[in-house]
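In this document, chain identifiers A, B, C and D correspond to the written order of the chains, with residue numbering beginning at 1 in each.
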Amino acid sequence: MCAKKVAGVLGATGSVGQRFILLLANHPDFELKRLGASPRSAGKKYGSVVNWKQTDLLPEFAQDLMVTECKAEYFKDCDIVFSGLDADYAGSIEKEFVENGLHVISNAKNYRREDDVPLIVPIVNPEHLSIVENQKRKNNGGFIVCISNCSTAGLVSPLKPLVESFGPIDALTTTTLQAISGAGFSPGVPGIDILDNIIPFISGEEDKMEWETKKILGQVSKDNTQIDLLSDEEIKVSAQCNRVAVSDGHTECISFRFKNQPAPSVEQVKKCLREYECDAYKLKCFSAPKQTIHVLEANDRPQPRLDRNRDAGYGVSVGRIREDPVLDFKMVVLSHNTVIGAAGAGILIAEILLAQKMI
Amino acid sequence: MCAKKVAGVLGATGSVGQRFILLLANHPDFELKRLGASPRSAGKKYGSVVNWKQTDLLPEFAQDLMVTECKAEYFKDCDIVFSGLDADYAGSIEKEFVENGLHVISNAKNYRREDDVPLIVPIVNPEHLSIVENQKRKNNGGFIVCISNCSTAGLVSPLKPLVESFGPIDALTTTTLQAISGAGFSPGVPGIDILDNIIPFISGEEDKMEWETKKILGQVSKDNTQIDLLSDEEIKVSAQCNRVAVSDGHTECISFRFKNQPAPSVEQVKKCLREYECDAYKLKCFSAPKQTIHVLEANDRPQPRLDRNRDAGYGVSVGRIREDPVLDFKMVVLSHNTVIGAAGAGILIAEILLAQKMI
Amino acid sequence: MCAKKVAGVLGATGSVGQRFILLLANHPDFELKRLGASPRSAGKKYGSVVNWKQTDLLPEFAQDLMVTECKAEYFKDCDIVFSGLDADYAGSIEKEFVENGLHVISNAKNYRREDDVPLIVPIVNPEHLSIVENQKRKNNGGFIVCISNCSTAGLVSPLKPLVESFGPIDALTTTTLQAISGAGFSPGVPGIDILDNIIPFISGEEDKMEWETKKILGQVSKDNTQIDLLSDEEIKVSAQCNRVAVSDGHTECISFRFKNQPAPSVEQVKKCLREYECDAYKLKCFSAPKQTIHVLEANDRPQPRLDRNRDAGYGVSVGRIREDPVLDFKMVVLSHNTVIGAAGAGILIAEILLAQKMI
Amino acid sequence: MCAKKVAGVLGATGSVGQRFILLLANHPDFELKRLGASPRSAGKKYGSVVNWKQTDLLPEFAQDLMVTECKAEYFKDCDIVFSGLDADYAGSIEKEFVENGLHVISNAKNYRREDDVPLIVPIVNPEHLSIVENQKRKNNGGFIVCISNCSTAGLVSPLKPLVESFGPIDALTTTTLQAISGAGFSPGVPGIDILDNIIPFISGEEDKMEWETKKILGQVSKDNTQIDLLSDEEIKVSAQCNRVAVSDGHTECISFRFKNQPAPSVEQVKKCLREYECDAYKLKCFSAPKQTIHVLEANDRPQPRLDRNRDAGYGVSVGRIREDPVLDFKMVVLSHNTVIGAAGAGILIAEILLAQKMI
């Protein structure tokens, strides 16, 4: 039996950082040893500085871990570093880590649009990870992988197997009903704004969904150095994003049209989704969902409260698959925004990297 | 000064019936004199049988009104009868009323699809009311007018002025986030189903929206006897309906494409909506909104809690008007489901009929 | 007809300030002319600096009012100044206003515990206002009146008439279920903290309730210079405060014991509350509730969503009055926290001062 | 290794029944073999008749179990039968089971007040189970044990160790903020009644809490045939019950006074609660909480969303322990209403019976 890989978490006191810590407690492959946070927390025990707001208790091992500043020198022994940093800080800190040869998996948006940085939904496009080799060459072994935006993760999960089976999608719309946990908690979404209410706007979100979809559904370049995006002509994507009074779980009402006509039947679509088995599962990754896509037949499902925790939040639920009078199909997609849409995705990416001996 | 017209309400103890009663209290044109409900309530004072669940107090005048069964004989002196009956009962009862020469405005779905029955959103298509003359001829003066489905009302409100200005819409999608008050309260939506949750399904709703839109945007036939629907070729409509944790106010994320290209600009669309003045307002109807469509510029509006009561719920709010990568435009529409989407629509229809001397 | 009195509002962009502005729009006695806010808003039009978050639209007259800093020199022409300032700023600013001869009605907590400052719930203890004469003498005509804490207002409203009729209460407990609007909105209560949740703690609230009750139920001193508090021996008060997922309206489950035994009957208590008519109503103040205390007989009332707006939020609802096995009585009290518990109270206090020619 | 005991569930399609099934899946001691429901479900597979509304998937083994009517003849091979029947049916059905020698653990209220029926909160008063021997004698080996009301369970949990350490409590008040899952789901609490609202009434609940507390804190009679209740003179109990917008977890604000004065200190109370170890844990029961009472020091805890799942819902959380100006102490208690307050309690009672060889 191998020794566990050493892991660190940046932004450890924030909402994403707290989730990383929970997911790393008792993990068979990783041992969390380093926690980075702001200078005012540095030098103190984690338990004394964190405002822990998870439904699971703060794991005992983390209570006494000493917090450091987010500098590479304190993370030298880490095989992998998970970043839950705010975008305001992620840019320079993550750069310093990579330049010092560290392996970073980041939930921040800062480097998602770099050509040579893979933007990964681990149950969708792990093959994009291969381009980190190019980063390694330039950074003395260091590299960064970006986790996709939470609502993009749910959107592309059922699309990937469909594209593999039935060819390209040329038009795609999604209207999201997003959980408030996605906004973090300092302050996140004010209660008075969300009780008996909807906020039909999330800053930057629609643009992220429309752009990231084109990268995630894109291809690794022939020379394995970057991702070639789908062009605006290849796929038209339109997103409308709403914040709703749900704690966890993003619901999306999507519709789409295949380029190749005639389109498959509803039954063919369902079968394709049901049979999809993500690479991470084939690689026997610890957190990989046993069932990647759960196809639900009840006409009032998926529902976030009931279905968000399928496969511990790593599985995506799809329901109400039916023909669409405007495009080809419409359906409802539910994904757990803090698991497959954020920290959980980071963990599963690390597991894939490890299974492929890339860390 | 004329005497007020005499009004009756069917299904008086239900949620729609209660709203009719509130809106008729102190109404300048109508005097509510007759209340119909189930046999077990008949013969008793309204105040003693109703489980009043409105935020306004039960009006004093209604407290002591005697409830009768829903039979035309008890409503003979009514100039107008508002029906809030459940679909299970509305079919036969409303038929008996019309055949006995009464004028019925119904919130039930039963007769909406009859060719010679106008399906009305009063701020949108009051010109369709002219076909009741045909019904009158057949029914000894009696006729029925149907109120549209609540979510259809919000959808078509901004479309009507756009079609008038820029020509037909040939593709239209809407994803709704609908309030729970639309489901009534016996039992309506269970609390455990909607707290921290979304229900991505409302029985029959999507079909209603897709069909009713084609009738409401249709034309009165040349011989003024029926409504000619738009065909499936003329307009493709796709609806995805969700129930969310909002008390009142349906939010819809819609997108649409004009038949005539190039499409107008975003500014032209906004200007058209802002300047739209509904006929009911021109007719000086008491409940008509001063501003039919409120065009909001803030990027996070409309919001149901803040905007649903514009013009006492008779005005519709539209925000986030912008170009759509798939169709021409996308935008967010908010309408008050129990006002312009139900009982309030009935009252305004009656006011229009009165202003046009049709009752 | 007299000219209207000139009014100003401090902290005009905050949640309490916004409510003052709404309540002063079209007020028959007051004309709002001056708005004070932070230096970064000063010199700009109100409409351009406020993040308006009310369900009613920003009144047109206020849109173009110029905002100034909160200095007495800009408010010289005001007959009355309403302060919605945060406690961090209220101390020094309100002091400067009073010392410059201005009349201040403040929602802040800073001066509530000063002996010579009346702490007022306008439907409860307007007779305490007489001690401002003493302040006037010391401050060149200037004085300050404090509005009580929002949850205290609901608690003492039914107690006052009971004490007047049946003598002192010697033990009193309250468990509150408080609305989130009471926490303001920058940031107020985070959504993730209140959705599917309760927060069993509001900083400082229990102490305020226990202390303020003793002042409000106290007496004006013989020399009319201060309020004599009830002592800890005269009345024991215990509060337990919770924040719940309600937008507006504080619910309190209270129980209490009279000093004089035998205690009155449940029917006597109900009759006393029903017949209570507050002084503000006798003085014909514009905002005074027609019915001060609404005694509800239905066993599941009052409910915040249904009952908070009685008498425009100036009336208090009391239900479930019954004997208590531990003390004498228990009952449920509902009051509108932003009306009778905050800005609305300030307006009604000003109306009382005006009716009594004290401003 | 022993064979598992055979278990049955009555009312299997209801909300309590569904929870029993979840808790019995993969249970080390019990094997669920029999499911009883209404005649219209009898003869069909469970998976085809249940409207499964749990956050965990319906266990595969239960999917194909055949449902029978609730008659003893179909449950003859059961060592233990868990009843989640509605009170309307529980009376006669449970009687028939007991008379046929079966062992019933019931969540229904019907037999709670029988002298010779133990009313059990398994972490509180398992010693009361001894009186089933008396029932066995009369019923050919059959007996019934009742699970307490959900809100009573939370209330008495911290009281039991306090009474053991510091002597009797003579006055006790509780104001509850109860979750909606406690009302089941057909229809349970309507969404429109609980969104942005509180219902200050739960039918029969206050009486149950006041009465059941006196039985649970009572003693087994000398002859071990019944429970001797505390008298109204020994302990005064007052409950005020509210339904709030929380899915799971009852919060209670309680205060109490000891008979023996001077009362212990706050620190003594905390220490007593922290050190309490329930008998079920000592007996090594599978579901027993490792920590029976979690004493929380943060001033804003316990919160239902964060703390309800301590020890899988079998642990009770207590926070804000402090002196009370009216009685001796006040504090906030949180318990999981569907675990320790309902189905979970039933399972743990069965484990205790088994550990003590009573089944």
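We take it that contacts are C-beta pairs under 8 Å (C-beta built on N, C-alpha and C of every residue); 3 or more make two chains touch, one makes a residue touch a chain.
What you see is a predicted model, and the numbers here were worked out from it, not measured in a lab.
A.B. asks: Would you say A-B or B-D is joined by more C-beta pairs in contact?
C.D. replies: A-B
A.B. asks: Quick check on chain A against chain D: do more than half of the interface residue numbers occur in both copies, making it same, or fewer, making it different?
C.D. replies: Interface between chain A and chain D is built from largely the same residues.
A.B. asks: Measure off the straight-line distance from the CA centroid of chain A to the CA centroid of chain D, and report it in whole Å.
C.D. replies: 40
A.B. asks: Which whole number of Å gives the spacing of the CA centres of chain B and chain D?
C.D. replies: About 48 Å separates the centre of chain B from that of chain D.
A.B. asks: State, to the nearest whole Å, the distance from the C-alpha centre of chain A to the C-alpha centre of chain B.
C.D. replies: So the centre of chain A lies 42 Å away from the centre of chain B.
A.B. asks: Among the residues of chain A, which are close enough to touch at least two other chains?
C.D. replies: 53, 193, 195-196, 245-247, 305-306 - these are the residues of chain A that touch more than one other chain.
A.B. asks: In the complex of these two chains, what residues of chain B are touching chain D?
C.D. replies: Chain B residues touching chain D: 53, 180-181, 183, 185, 187-196, 245-247.
A.B. asks: Per the contact definition, I'd like the list of chain B residues that touch chain A in the complex.
C.D. replies: 171-173, 175, 177, 193, 195-201, 210, 232, 236-238, 240, 242, 244-247, 251, 253, 255, 299-306, 319-320, 324-327, 330, 332
A.B. asks: Of all residues in chain B, which touch chain C in the complex?
C.D. replies: 53-55, 57, 195-196, 247, 305-306, 309-310
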